[in-house]
Structure formats: structure tokens, C-alpha cells
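Labels A, B, C, D, E and F are assigned to the chains in the order they are written; within every chain, residues are numbered from 1.
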Amino acid sequence: MNRLNKTWAETRTTVNGWLMLPCAVSAEAMAAHGWDSLTIDMQHGLIGYSEMLRMLSAIDRTQVVPLVRVPSLESGIIGKALDAGALGVICPMINTAQQAAAFVRAMRYAPQGGRSFGPVRPVMRYGSGYVASANEDCLAIAQVETAEALRNLESILAVDGLDVAYVGPSDLALDMGYTPAFDTEEPELLAAFEQIVETANRHGVVAAMHCGSPAYARRMSEMGFRFLTIGSDVGFLLDGAARSLQAFHGSDEMGKSFR
Amino acid sequence: MNRLNKTWAETRTTVNGWLMLPCAVSAEAMAAHGWDSLTIDMQHGLIGYSEMLRMLSAIDRTQVVPLVRVPSLESGIIGKALDAGALGVICPMINTAQQAAAFVRAMRYAPQGGRSFGPVRPVMRYGSGYVASANEDCLAIAQVETAEALRNLESILAVDGLDVAYVGPSDLALDMGYTPAFDTEEPELLAAFEQIVETANRHGVVAAMHCGSPAYARRMSEMGFRFLTIGSDVGFLLDGAARSLQAFHGSDEMGKSFR
Amino acid sequence: MNRLNKTWAETRTTVNGWLMLPCAVSAEAMAAHGWDSLTIDMQHGLIGYSEMLRMLSAIDRTQVVPLVRVPSLESGIIGKALDAGALGVICPMINTAQQAAAFVRAMRYAPQGGRSFGPVRPVMRYGSGYVASANEDCLAIAQVETAEALRNLESILAVDGLDVAYVGPSDLALDMGYTPAFDTEEPELLAAFEQIVETANRHGVVAAMHCGSPAYARRMSEMGFRFLTIGSDVGFLLDGAARSLQAFHGSDEMGKSFR
Amino acid sequence: MNRLNKTWAETRTTVNGWLMLPCAVSAEAMAAHGWDSLTIDMQHGLIGYSEMLRMLSAIDRTQVVPLVRVPSLESGIIGKALDAGALGVICPMINTAQQAAAFVRAMRYAPQGGRSFGPVRPVMRYGSGYVASANEDCLAIAQVETAEALRNLESILAVDGLDVAYVGPSDLALDMGYTPAFDTEEPELLAAFEQIVETANRHGVVAAMHCGSPAYARRMSEMGFRFLTIGSDVGFLLDGAARSLQAFHGSDEMGKSFR
Amino acid sequence: MNRLNKTWAETRTTVNGWLMLPCAVSAEAMAAHGWDSLTIDMQHGLIGYSEMLRMLSAIDRTQVVPLVRVPSLESGIIGKALDAGALGVICPMINTAQQAAAFVRAMRYAPQGGRSFGPVRPVMRYGSGYVASANEDCLAIAQVETAEALRNLESILAVDGLDVAYVGPSDLALDMGYTPAFDTEEPELLAAFEQIVETANRHGVVAAMHCGSPAYARRMSEMGFRFLTIGSDVGFLLDGAARSLQAFHGSDEMGKSFR
Amino acid sequence: MNRLNKTWAETRTTVNGWLMLPCAVSAEAMAAHGWDSLTIDMQHGLIGYSEMLRMLSAIDRTQVVPLVRVPSLESGIIGKALDAGALGVICPMINTAQQAAAFVRAMRYAPQGGRSFGPVRPVMRYGSGYVASANEDCLAIAQVETAEALRNLESILAVDGLDVAYVGPSDLALDMGYTPAFDTEEPELLAAFEQIVETANRHGVVAAMHCGSPAYARRMSEMGFRFLTIGSDVGFLLDGAARSLQAFHGSDEMGKSFR
């Protein structure tokens, strides 16, 4: 079911799009393009359960792998995202091995974990084979985004069943005393990124990075990240509106009309 | 309430954005930019009444003037769009003076028309002065988009109370035997556009054009159109996704991954 | 099913509440009180089909008779309101006998009319007896609210199957050259009200009035109106908020803080 | 895009399921089975525009052809159903050739009709080829369901561009003086069905029948109907609940507990 | 308010239906039948808060007792389910006496527990008597569905205020090394069921079982379970569709068309 | 951004309205009045995430400061409320200093706390300055509503970053053995209120009280509470309906018709 695993096994990089708008039609529009995966962001996106379900339904019939970022490490919403049909969950703020283990436990059926059984929609969507392969196909993606997580990196990435370590660069920057931003040039942060790639590779975990531009993502790909977010629906929208207004008015008049 | 009237009175051009996504958050994102107006498209957009109401509420507190395109010349939905807070309605397929008159009748309170009284939300939003100025502030915008409408142009634009003649270039092209598209170079269509501007000016009606790009919109502005649509939410989204994926993959790989 | 008919047969007056908020919970709160009927206003209320259905479901298990005002005389939405479970439809702007007949036709199954058959929810809610009694129980309530309707009053009220003539005083005032308002004291309007009661009585039609206050409604009851709207959800809300703020601040400070 | 045309060309019968619940998940559950088509019923189903869009999105990625029944012959909602992605529209109460022609006009782009251009979602879903083939792929399905329609059958079915004549047996029964019901044995109605098949065949129109059971549908298939509705979501639900309760309690106790 | 307590006191068995579709209309359809209770499943059903509220409102005016299964042992959602009007909450994964006690605490007002006070909708629905009897009427139903829970059974069921022990047979099977399924014949599982009934009886707790068929439920009733789930909305839907298609096509052709 | 801080600094009292209806239009109606703040109650109100977002969008363009009460101390929903645009969060059941510290941590960006970074909507709404001032402008409002909280009052209010101590009088009454009610006259409770004001003043925390009437709120203002809730949407609605029916029927008949 989940083509990401296969792509990474071929040591190729996958490209992820980010969905923050609570809208199944914009999700469909994004899915019309050649993303490897799309992530429905229930944490910072403006998306509740009902919208997440509709967005999953809108994209999971395409070739794009549907992922969900949950708001917090809470087993209820992790189970609901999986039962809604997500083939992977990104969990924010995994700062300790204990949290990583709790996350994996919520993601896996026994005996690997304690996910409760009842995948009605996944079986309708992916067929009855879902049950047997869910533990393998549903990716456990832990966000590494604090100084504490960096300190605990070895033990976190050693947790059995963790598939991907996803860097949240804004939160990591903020927590390490820098301005929160994508596509940083801070040497300390770039060094942390290198450390994460190296550690992840040693543990057989895929390293992932949230980027603000394709150019930076290419650089991160060269650094060894194999799962790269390169843009979001709301970013494309704001950027497109700004470009078009600027093109019409000429650049001089643009500034004053914003907001 | 409606700054469009004032801007046109100063013979300046206004820029309109187009909303097709059924989403109040994307409407808010669009409204964060310097549009003169935003149009919620209930005809070809994926937007029903409930979404239209939410989108209006999301944008009508900003400086942007909120407009609604209704699905058809039906008095029920025209009244609902106005009572939801739209400061103008675009009505498709106004092909005869009789239709134009019916449209104006649905837009205006007596004695100018027969709009039913009950503006609960507009009064909450714009204050009690809404009642007195609604007939002036709520723009009646008729779409000119068929060969029949061109033939009846004089009588349509002579209808008292019509504010704007909005060219639907795709439908006009299709109806005149051309491929439906924005930003046409067909001489017959360009000649029709000139005719519309000239006739509108004679009748004190604002000529408006739906464009697919800022560049074409500038040209139409020079031709005399004073209300110009230059892009849509879904267009910005699709374009942004395509550009980003292309930038990441390099242009050679892009084509094959689309859809 | 419909207790209004029975109450009127006993020559008693019924009291109707008005719902403009698109909210099933506020509808439930209203239904917790002793209304004879509640009307879901799809015309000037902020209510689309989906909300209307939810509101009907929220109130139709109580003792309150659920009515719907549709946005216009369009057979599609009249049928949908009935199939959603409304036991009566208020139709705006019935200005001619022809319109009254079209309205009744949309409300009644053959042979009395041409309502299409498929009452899935009404049968779930009211039982299989619904089919046999629907033509009697689902009230056809025509709004009399223009000078034209007054001129055509005899022929409109003579239309077989029309149950109630509902005065829309704001629209009637506006159409006759007065300021649109509830609870008028204009002699010409009061005379029109008398005429409506008298004509309705002669034709066996119940006369109904939309009032802005219980006091005026009592007066109208004495004039012979037997179906009286005395307030709305949004009115109670705005009034309650204003009273409470005034009571806290004292009356002197109130004015400046409004809006 | 539309496999129904192809199946009928091979003179095979297609099986249609009926959706009345306003729910994308139940639509997905239905689409998990081997239907040739599923019809979203906006007329008697409890479904508004927003739910219709979600349901279309939930089923149109499967092999099932998505159809929509609109509430009435109103061009606005017909256009919205098509722009939402329906590959066919069932229109109720087509009683005259004039109505049939108006229906076809609303379904087809120029020069065959006057459908307005703007298929954003269909192009995202079916690709850019949608535009060229839409006039052929989007089926115009007229309901024959009154005595008047029977009298006008020749002229209705002669209207160029009409694809399917869909019998509404309940409304037809009601209009001809019988109890409204599916799966009738009334000789006069059966004779009417024969007449419809025969006339449709002569005009190259597919005859369709709304049935209440698979057994009756087989009989209608033998009579010559090639598009057969055999059941609905709400029917399966009510029937399944009744059967299960009966099986648990034993048949004697069932009756008393219903409703 | 809650008839389940009374029925059990008479040592009769109650029958529960299961709701997984996020749809108030399908909930109403289910409630039209003679269920003792219906459970809205927020854990494995496709149901968020907004849908749960609508479904409760749709069923709680009928004779059916409305229950909610929450996604996890989290006090926020338990309180929200109760304040929405549920007369009982099923909580998954109660594996220890400590968890059982936390669950009961979230269900009860002081002094029995720590439920926060604010039952606006329950008072609108059930009257002001709700406050006094809520602690008795709102059932605390703990799921026993892991090997750990079996080991802790005595202490879990000894927790004061626990009303029902609800067996989740799929999760229990999975956790004990068997294939997750309803209606098991595994001797070890059947023995566990016997143990649960016996322990529950000793502690004055009602034993409940989630079954996949009425036949198995009858067997479980004989074993001593007094609260039996015998089917679900989505099950009835899938089953009805499969049966109908099979009946139309004949059994030979059925297999190939599924999915 | 947040005018409450400024008002309190001037030692003036602020008045808060309470929103329990899941409806953006009723929220807009409330915001049309002169409230200092409005609180969207996700705990006891009938409001889920999607409705909260819509309500925030409806009110946050007005002068009224938008607050949200979350269902429980869970970091996911606190983050979602802030990222949806709330300028303050009321958290129920803060009974210990540890809970107070966890609450503040969820409210503040590093280094003051651990709120995750991604304020897309707040930046669209309040501008890019939001990031720098969010820690100051987003109020952390802890509910003091149990005997345990009273015992721990000193340590709770000493937690750095706590802005407001909000008394929940119903829960406090219930927990201390009294009937849960607003506007109590119990000496023990009034003494507790005095203690809370005094302790809050010493710690530079604003004391807040949930009142059931403006009159009681004035008294509480004199006692030293500076943030006063004086009424709710659902209260105004129920009260307005009762008053109007009573005024129409006369007081004698009112009682019998209620519920």
C-alpha cells in the first residue's frame, strides 16, 4: 500500500506537500500533482477531525500517500487518524525514548503495540489485506524539534518500530535560542541536521526535513535527508496572490496594499 | 460601504480575486492581500450556500469588498447572497434586457425593485445605515457571455440599475465557435471586447473582464475595462504546486508526474 | 400530526417563533419552550439546506410544529423542505392567483397537486400514516406582502388548498411606500391588515401576522389573526446582550460601546 | 470516462445503487461493491450541495460511475452537479418536449447546448480530456413519471441529446391514480412500462427503471430496461436493522418494538 | 431517564446497535427500530465531535438510550459526550483499577467524582431533574479487551461506580495472540468470557459483549451477558448491498465485482 | 493586540460574554455589542474544533477580544485554540501548581514555555508582529474551581506566566458540598472569593468570576474581580423566548407550556 517504503528502499528521496487548509477540494488540487505524499496538518493547520477525514478521502484514491500530523502525542487522535485511512502519522514533540515508545505503541497492533482494532474505512479503501500489513505500512514519524530531543537522539531513534525522524526546524531553532524560521543558515542548526541524518542512518531510520523552498530541500537532500517537505497549500496561495497583484500593479505599489 | 463605486468614480481600475475553494481559511488568506474585491464563485466554484456564508464572514471585516457569483438568475439565491452580506452579485448568462431587468429587480428594494426585506446580517455587519444605502452599494453585475448577449448589448446595458457588465470570455468564445479559454487573441473576440467597453461607457456602466493573467489584465485595463479579475485561489494553488515540484525535480522530470 | 390545524379549528390562536440562526442547538433551545410552531427561515435567515435539515431534526421530536420558509417559489426547495420533515411551508411573494396555485401544486401529492413522491424521512419520523395525511397536514402558507398581492387578494385566497395567508409587514410597508418595519401604526397598513383578516375569514383561510413584539401580537390577535409570530432567536440574543451590558454598565455608558 | 455508455453499446444491462444518506462514508461503503453506477439523490434524499460534493469526491475515484439526481429542472443546480464531477444527471418531472430540451441545453456545452464553462474539479479529476468529451460522457437522464409525460413520450424521447428515460414508478402510479409504490403489478402500469421500453428503443434512448428489489429488477431487465436501480443505502440500513433485531428476538416480538 | 438500568434490574437483556457512519440521518433510521440503546462510536467509527452531537440530537428524543464510545480515556471528551446528552460512555482500554477509577471520576459529579458542571443541553433535553440523577443515569461502561485487563479483572470491577464491563472481543483476541474477529470459537477466549460474566455478576456489574451476529448474541445472552451489540450501520449497509447485487446477478458473478 | 491587558493596567474592569452555541452567526450577533471579550466555551458549550475556528473568524475582526475555554488540560487543543487565533485560553480544573505550570508551558513559546511554532492564521489576522508579542498577548487563564485548588492557591498563583485566576463558582460549590449554581450567597463561598481576590492581587494576577447576572457581577466587581462574565448566548435565548411567550400569554399560562 505505502509506496514511500519502497522508494526509500531504492534509496530515492520522496517529496511531501503540506496541507493546512481545512478543505477537501484544495487537497484534491494538491493531489493532482506529482507528490509522493501529502501531509494533513492537524497541529498547526486549521484542520479538525471532520476535515481531516474528508481530506483523506479526497486524496487517498490517487497515487499520493496520505499522512496526518496529529496535534499531540494522544492515543485517541492517533488511532482516529489511522482508522480514517492515514498511511502514516507525524507526531510532534517526541523528546524522549519513552515518548517515542508510547507513539509506536499507539501506531501498531499487538504484539508490536497496543493500537485498538477496528479499521473499517481502511479495509473499505485498501482491501482486507490492510490488517496484515498495517503495522508495516503505517509509518511512525517522530518529530525531532527540541534541544532535549537532540540530547536523547540515540535512544529515541533506537526505539523499535520508529520509521522516520522528521525535523521541525522552526521549533528546533526557537528551542535553541534562534528565531523560528525555515531554511536556516545557522551553523549550530546545520550541524544538528547533520547529526540527525548520521544518527538516523545508523539506526535504519529515514531522516526527514520540513523545508520552505525547493532549493533548500535539494540541499537537504544532498545532506542525506530522504523525505522532504517543500511547500504548503497556504504558502502557494499567499505567494500566488502576492505575485499576481505585484505583476498587475508593478512592484512599487505592492507593498502598501498588503494587509 | 462599497469602495468599488468610489474607485471607479475616480476612473481608477479595480482588481478582483476569484474564490472557487469552499474554504473560509483560504478566503482569509486571499483577503490578507491587497485586492479591491474578492468574488465567491457559487457557479463554477465548489461552493454551496453554507460555505459562501462562512467565506463572506471571513472576508467582509477586511478592506476587501465581498462579491458573490450566483449559479443562475434565480431570485432566491440572489436574495440569500445579499442577506449573507455580499456587496455585489455577479449573475451569469444575462442575454436579454428582460433578464437584466429581472436581475436588477432581485437586487433592489422597492421602489427600484422587489428585493424582499430582512437584512439581519448586513445590519449586524455594516450598521443600520445599510438599509438606506443598499440599493446603491450592492452592485448588480451582469455577465455578458453569449452571442445573443452581444446582439442585445444596447438594450441590456440600457436597463436602469445595472452597474457592471462582466465579460465571461470562455463562455463567449465557446458560444461564438472558439475554444473556451482565458486571455484570447482571436480578433473577433477582441473586437467584441472593444464593443463592450464602448457600449458600457456610453451607458455609464463599468466594463469588467475575467482574465487568466496579470499581463493580459493590464492590456484589458488599457482597452478600457475598469474591473479586472486576474487570478483565482485554485489557480494559485495548482500553479504553486507545479512550480515547486518542478524546481525540486528539475524541469525534465516534471511532465511525467502530473496527475 | 399537525396540531396547528386542530388548534385553529377550536378557534384558538397559535404562537410561532422565528429561527434565523443556522444552528440546531439554538433551535433546540427555542423548542424547549412552549411554542405552537417554530419556523426555520431559509429566506432571510442565514440557513441553507444542510442546516435546515439539522434544525428540523432537532425540533420535530418535540411538541412544536416545524415549519420552513423557503427562499422563493421554486418547486425543488419546497419539495426538499417537505421531504426533510417540515409540516408546513411559508412561501414568500405570492402576488397572483397563478403563483398561489403553483405553490399549492408543489405542496400536494396528486390528485390535488404534483409533489413528487419519496418521503423517506417523514415516514421514519411520523410513521407510515404520513403518506395518507400529508396533503392535509402539510400547510401551504402564502405570504401576502406586496400591493399587487393586496389587489389580487380575493383570487389568491380563493385558490383551493391554500391554508394560511401570512402577512409580511416589512415588505408590504416597503412596497406601499413606507419604511420597512414591524408593528406599524400606519393607518393604510392597518386597514390592509383588516382587509386581509376579513377576506381570509370569508375563504376559510387562516390569517397570520409577523410581529416584532408580544404586545403588538396581542393586538393583531384581537384583530382576528390566528397565527402570530412574536419574536426570533437572533432578536432574543441581541436584546439579551444589550440588556445585560446596559444593566452592568448603567444606561449612560451603553450607547458608546455598541458596535 | 463514462463506462455506462460502453456497457449499453454492448447491449448489457447496468445496475445502479441509490444514495439518500447525506454521508460520504456511507457512499464509500456502497462504492466498495460492484455497482455500475451510484446515484446521489438530491431530490428525495437528505442531501444538499455540500454533501453531494463530498459524496462525489468519495466515489468518483472508484470504478463506479457517479450520477446525481437534481431536485428540479433548474439550470443552476444542474451546472453545479456537473461541475462537481457528476457523469450524468437525472432530472425529475420531464413532462414535455420543451422541458426535455431545456434539460439537454443545461447539460451540454455549445453548440449542442448552453452549459456554462468552468469545469475545474472535473479537469482535476478526469484530466484535460474532460472538456472535449463532456457532451458525450455526461448523461442526460430524464424522468418519465406522469401521465402527461406518457402522452408526450414520442416528442420527449425525440429530443436530440437525451440519453436515458428513467421511469419513476411511484410518481407515475400516484399520478395515474394508484398507490405510490415500487415493483407494481398493476396491468396499466406494466403496459406503460412496455410502451416506454418500446418507444425508447425506437429513439435510441436507454430505458431505465427504479426498482425496489433485485427480483423485480431482473423482470424489468427481461422487459428491456437496461439501467436498473435495485436498492438504496437507507433501504439496506432499515432492512438490516429489522432483520437483525428480528433474528435476535425471534419473529414474534419484532412487530411491537418498531418505532 | 435511562431505561437500561431498569431493564437490567428486571434481569432482562438489552440489545444495542452500533453507529460508525458520521451521519444523523442514518442514526435516525437506526433509531426508528426497536433498539434498547444505540452507541455512537467515536473511536473506530468515522465520527468527530460535531457529528456525535448531531447524532445524539437525532436519536435522543426517541425511546432509544443514546451511548457514546470515546476514543480514549481523556477527561475532556468524556465530559463533552455527557454534556452533549449521552446517557452512558463506553471507554476503551480500561486495563487497570486505576484507569477504571479515573474513568468513573470523569463520569460523576462530586462527591462521587470530578465531572465539571455545565449540563446545558442535557437540561434542555431531559429537564432540570437531570442534575440530581445524572450520576445514576449516566452509565460508566469500561471495555475489557486486553490480557492485562483480564489479569486485573477483580480490581477493575471492584471500582465503585462502574456500571458495565464491555468485552471488546477483537482487541482481546489480538492481544491474546489470535486473529482479531467477532463471534470467536476459540476455547481460551470463550473461557475468558465466562470469567468476565462470573466476575461481573459477583461485583454487581452488567457484562456486555460486542457481537457480529444476532445468533452469536443469543448464545452470549445465554452465557449471562445482559447488554449485547448485534450489528452496526455500516455492516447492514455493506451486507445489504452485497446481498442485492448477488440476488440480481446470481451468485456466480458476485465475487468478481467486489471492489 | 490584546486590549484586556491594557484595560486591567488602567485598573478598569472588563466584561466578558459566554458563547455555548456552535454557531458563527450567533457569535457575530454577540460581537455586535460592546463586550470587552467573548469566550468560546469548548468544555460545556456544544462546540467542537471546526465550530470554534469559524466562531473565532467571525469575531476576531471586531473590537472584541476572542478567548477560548478548552475542554481539559491537553496541550494539543490548547495549541490548536491559539493557532486558530484565540488571544487567551481558559483552562478548567487547575488544581495544583504543577498543572498551572503545564498550562503556562503549553501557552508560551520558548524560552518561557514549549508551545510549538506555526501561527499561520494569527499572522494572517494580526500581522507578523504576532510572533514577537504572542507570549504577552495570549492570556493564560486558569480556572480555580475545587477545594483542592483553594488549598493550593498560593502555589498556583505563584506560577510565573499565569495571567488570570478564573473562578468557576458552580464547580467550586459542588466540590465544597453545595448545590452547583451561579451567584451564590453561601458565606463559605463568598469567603473563598474574597480569598481568591486577595491572593491574586498579591501575585499580580487578575481575578475573574463567572456570574449569572449583571447585578451579581457588579457586586463581584466591587469585591475586586476585574474580569466578569455576565451572561451567555444560550441564556439570552432561553430568557428571551420565555419572556416573550409570557408577555403574549400572560403570566398565568406560562408555566404549563414550558417543556
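Keep this in mind: contacts are C-beta pairs under 8 Å (C-beta built on N, C-alpha and C of every residue); 3 or more make two chains touch, one makes a residue touch a chain.
Since this is a predicted model, take the numbers as computed values, not measurements.
Participant: Taking mean CA positions as centres, which chain lies farthest from subunit E?
Facilitator: The most remote chain is B.
Participant: Subunit A-subunit D contact: same residues or different, taking over half shared as same?
Facilitator: Shared-number fraction above one half, so same.
Participant: Going by residue numbers, if over half of the contact pairs line up, that's a repeat, so tell me which of A-B, A-D or B-D repeats C-D.
Facilitator: Selected from A-B, A-D or B-D as the counterpart of C-D: B-D.
Participant: Between A-F and B-F, flag the pair that has more C-beta pairs in contact.
Facilitator: Higher C-beta contact count between the two pairs: A-F.
Participant: Rounded to a whole Å, what is the gap between the Cα centroids of subunit D and subunit F?
Facilitator: The computed centroid separation for subunit D versus subunit F comes out at 52 Å.
Participant: For subunit C versus subunit F, what separation do you get between their C-alpha means, in angstrom?
Facilitator: Their C-alpha centroids are separated by 37 Å.
Participant: Can you list the subunit A residues in contact with two or more other chains?
Facilitator: 20, 22, 25, 29, 32, 46, 48-50, 53, 74, 77, 121, 234, 259
Participant: If every chain is a node and every touching pair an edge, decide which shape results: line, ring, star, complete or other.
Facilitator: Graph shape, chains as nodes and touching pairs as edges: none of the named types, so other.
Participant: Under the stated touch criterion, can you name all the chain pairs that qualify?
Facilitator: Listed in label order, the chain pairs in contact are A-B, A-D, A-E, A-F, B-C, B-D, B-F, C-D, C-E, C-F, D-E, E-F.
Participant: So in the complex, which bits of subunit F are touching subunit A?
Facilitator: 48-50, 53, 74-77, 79-80, 83-84, 109-111, 114, 116-121, 127, 131
Participant: Write out the stretch or stretches of subunit F touching subunit C in their complex.
Facilitator: Those residues of subunit F that touch subunit C are 15, 17, 20-23, 25-26, 29-30, 32-35, 46, 213-215, 217-218, 228, 230-231, 233-242, 244-245, 247-249, 254, 256-259.
Participant: Okay, in this complex, where on subunit D does subunit A touch?
Facilitator: Listed in rising order, the residues of subunit D that touch subunit A are 24-25, 28-29, 32, 53-54, 57-58, 61-62, 121, 124-125.
Participant: Where on subunit E does subunit A make contact in their complex?
Facilitator: For subunit E paired with subunit A, touching residues are 20, 22, 41-46, 48-51, 70-72, 74, 77, 92-93, 145-146, 168, 170-171, 174-175, 177, 180, 234, 259.
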